[in-house]
């Protein structure tokens, strides 16, 4: 990964505040464990409340945490008075999400003034060594803080 | 949408049983509201527990319910002794997910013996008319019920 | 599809000029056959020069023409002094691209000031009725004509 | 990247033969320059015949060569009597495709008996150091050589 520099020295506290305000992260039990310019790691302990029909973690829950890791990775490089929104993401599920803990890593592939492209991964931690269970490619958009509803995406129609 | 025929006459009860076994759907509060061959609709009432930092529904939650609607849409056309797994999906977020109720619709675009391609949509219901808030394109795989862990995706390594 | 209105009354001639300037379209033999607000159709006669190892049309060639149809569909709704660029696309290949003529249709799903989301399809025309061979979901960006290199995507680094 | 082992010792000649049979690669002027288990590199010299409206390489042409690099990367790990087909891919365009030579690299992320997931990149070579211009995430399928038309994808309907 290239070495990125953050333009906002307070990027970490900005991201921790945003993450803390996402009620769904507490509902799922997700934790923000690592932040550096261009890279964010989120962890999620397994809970039966998040299971699919075979009792493993529901694949869509991986989608949420990897998307969040990608969004916050992009957000590390954005200016202080901005918001980050997911434009779109694509995720491949590689193996059943079996484990007691899941790690989601988001990394910036290409930062931009408006759009930032990220790569994400989800790893399952069981007893053996971690296993890659999902891969994501995502596009994030930077919007001014005064327009949190995202006029760039929404035509207002 | 083409008119699809189900090979398994009991597809609806099979899908209701699978949905009922997905603990995460109860955690989110999602309901299976409509099933017909090649099309499934899931609804999710808004809850602050599912919110992002501005109090709207977290976009990733839309990913879960649209993915599920697509997966079950594909599953309507699969044989009785099969399981459905998400190979991958791509989702675009079109407008902020503001509303009191969200509807996710999955439709089969192209069924296949092994792979089925689906299109999904999420609609937000507020006071005015419903608004399209997300669009998905997804690939589902049919695996024998005896191999629920998905050997076709997982090399077993 | 919703009924879209073009803000630039000369959208059709603007698009025909842009298409005509794309040398690769002449190399492939593609033709712009239909333009209306929010929808564009491109056709491509089969040529052995575009074949894959079994002599059918190479799937990637479908990617080019469906991406172009989506980009120009988005461009119909953009202002006169703008350029359109592909941010990203995702394409599923549904059936072998066997035929003597291929039709690519791009439709706007959600227009926006900056980003426009489109859905695309490719149809193969052989002797029988047309067959859907590919489905695309794409994100397009509108950039001012004075910045054709796309500063929104490119950080200039 | 993990270290992959090929099950077919003749994977390189098998891939060179398949690439040689793809007429479109000769039409574009693409060359297969590097093959090892799980990784393939294709190069394409710029030609005005492949240009878009600003004279740079058309983005869709990048899609073809990165898709091919991913497909052949997957094919290195497949058995001798198999064929590889693209199920789907998603590509982000990161910077204008300006250069005299383009390199496409496909790498296996997760091999599987039926499906293989790959990551692809396109690099532009101008006068300065190479620049990453596109990133892909792709799903490939392995089909028996006797069924080259891909029954797994095509329901035959």
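To keep things simple, chains are lettered A, B, C and D as they appear, and every chain counts its residues starting from 1.
The rule we apply is simple: contacts are C-beta pairs under 8 Å (C-beta built on N, C-alpha and C of every residue); 3 or more make two chains touch, one makes a residue touch a chain.
As the structure is a computational prediction, the values presented were derived from the model and not from experiment.
Looking at subunit A and subunit D, the chains in contact with each of them are B, C. For chain pairs B-C and C-D, the one joined by more C-beta pairs in contact is C-D. A straight line joining the Cα centres of subunit A and subunit C is 31 Å long. Averaged Cα coordinates give subunit B a centre that lies 28 Å from the centre of subunit C.
Subunit D has its Cα centroid 21 Å from the Cα centroid of subunit C.
Across the assembly, subunit C contributes residues 87-88, 90, 92, 94-95, 110, 117, 139, 153-154 that each touch 2 or more other chains. Only residues 90, 92, 94-95, 109-110, 117, 119, 132, 135-137, 139 of subunit D touch subunit A when the two sit together in their complex. Considering their complex, residues 87-88, 90, 110-115, 117, 139, 141, 151-155, 157 of subunit A touch subunit C.
Those residues of subunit D that touch subunit C in the complex are listed here as 18, 21-24, 26-27, 48-54, 58-61, 63-65, 67-68, 85-96, 98, 148-150, 153-154.
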